[in-house]
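Naming follows writing order (A, B, C, D, E and F), and every chain is counted from residue 1.
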């Protein structure tokens, strides 16, 4: 299973619920406003870093760029993918759970 | 691999339909099959053929229709959700068809993956 | 209806569907329209795991009265879901498992208990629910 | 007292239009004047005359129109938001009119209170 | 000025922002999913109680009832109003700020 | 257009409008359509206080590039807002005050600074911003 989170971690509880309800090892892909969780030096950075102990973390590059966030702004350990990479992740990891 | 897609929101207000479209395009480019895109909730508004965005903006209604024509993607609008929101045959855009919610369950069973885009 | 009705062959295939309800009722329509999707899947004899987490637990709160907001009270429909589950449980010819689950942490954070709900539910802590979720084949979020 | 109302969401998906309608009804019953209800963003979908809810559900498109007729409330749909979303004269419900965004600023200036309902 | 909050305090940051950015004494009216902040014994009850030191707190009764919440469930000190009371509050307190 | 165009007499009245931006751009359309409302109000020569709080601060982040999501990049429009503000500042005949404000706490929580924005803004802490908000006459939230 792979989880997608499309909500801002500053505004909503989607990322929290995803972390609480996903099994160890399940990858999380941040898309749309969810990409705001991926940058360094924010009030949620520590939470995201902690989640990365249990979950491979990915972020959708096109959504980062749209919001003016550079690859350099992304925290270490988070892998940037494009839509093609999004498709590959879904193919590889089976069922998709969208945390809306 | 065979994909099914569920789109829960209309064009413009949320990015869901944009994301779904980009995902579907990428999947097709990689040689996958997208069996059906099912439009539910406000997603039915993606099929409103009267939608006329500004000239410098994307037109998702048209883009979905073109994708369907080129790559044989089945675009299904949920009839119950559509009736509530005033989407009927009269204003249905090319490439879409109106059908029952069972078509969502059906593609869930038949596809290898169902991916949901919403709010 | 359009001319071309496309159908996929689904005969004899039973898959694990999960319906994830995370939103409060009435503020948005998701609760109601997810319910319609759950009911349809019964006709296809699919497994169904209906999960209430976060504010989704309010969807099945007893005592909903929508007269003053003039909206449709759909909480009684959960009774139909419960009946579908009973049918699935009792019919030995059908390979169809239905579960109705509330996440314990979400329920408790909102000061609710099992008695507050209009249907019988399994109350399951998040770590166990995570394992159940991980076993699903199709996850529909509303 | 004179009220202006801004509705940001369509019927069904969010409660905003329901809440706005109940507020307007209560204000009128108390003898206040509602000068204008302005429909912006997805709020323009409140004016889709093809909307056909289930028989046991409320029909906000119709309710707004009736309120306008009975109490002389000006229901204005933003033309820019409406064009994007496919609301035009052809599918515009009774009681609504399409006009520019300036009508929002105008009612903001003219009314004693502007109350916003949205998501 | 009167503030309205229509979002669940469990799901969103609207109530937090409203509390942070409203002056002492300004009333807050909870409507729609915002009414979920009004009940006793939840994980946000303390936060709401603290906010009531600075803000008269109101909740829309019709939205409570729709969600199956009884008047008895509402925390002490929160005043329940109907749509007519909502109108009165707006008349009395001037500009309305809607925290969406 | 419909036949009956209703107009209210607003000549000579200048009121304090505030536009509250709390949502990230692109995930939802609110940022773009609020911008259109702000621009229109300039024609009515109204006071305007344009406030970015919470995720709204991302609306004016530099370097937005929407090519890969195929959405309209509207961040350049804030340049027009800045020009309208300059006009309002410089024209002594016009009683029209425009302010563009970012809440300090929201900015810092997101690891952003004044240099990250496409327009000049006043960065104001929440307690001071609350006082400014309390003085407004019309608050438009998107």
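By definition in this document, a contact is a pair of C-beta atoms (placed from the backbone, for glycine too) under 8 Å apart; a residue touches a chain by one contact, two chains touch by 3 or more.
Since we're looking at a predicted model, the values are computed, not measured.
Common neighbours of chain D and chain F, listed by label, are B, E. Of the two chain pairs examined here, B-C and C-D, the one linked by more C-beta pairs in contact is B-C. Of all chains, the one whose CA centroid is most distant from that of chain D is A.
For the pair chain C and chain F, the distance between C-alpha centroids works out to 42 Å. Chain D has its Cα centroid 38 Å from the Cα centroid of chain A. Computed from the mean C-alpha positions, the centre of chain A lies at a distance of 24 Å from the centre of chain B.
Across the assembly, chain B contributes residues 8, 12-13, 15, 19, 22, 41, 54, 57, 114, 116, 118-119 that each touch 2 or more other chains. Shared interface positions of chain F, defined as residues touching 2 or more other chains, are 22, 26-29, 54, 69, 71, 138-139, 141-142.
Multi-chain contact residues of chain E, defined as those touching 2 or more other chains: 6, 10-11, 13, 32-33, 62, 82-83, 95-96, 98, 100. Under the touch rule stated earlier, the contacting chain pairs are A-B, A-C, A-E, A-F, B-C, B-D, B-F, C-D, C-E, D-E, D-F, E-F.
Residues 10-13 of chain E are the ones that touch chain A when the two sit in their complex.
Chain D makes touch with chain F in their complex at residues 6, 8, 35-36, 40-41, 74, 80-81, 89, 96-102, 104-110, 114, 116, 118.
Residues 10-13, 41-42, 45, 48-54, 57, 61, 83-88, 90-91 of chain B touch chain D in their complex. Looking at the complex, you find that chain E touches chain F at residues 1, 13-14, 17, 20-23, 26, 95-100.
The part of chain C that touches chain E in the complex is made up of residues 22-28, 54-55, 58, 61-69, 71, 73, 75, 109-111, 116.
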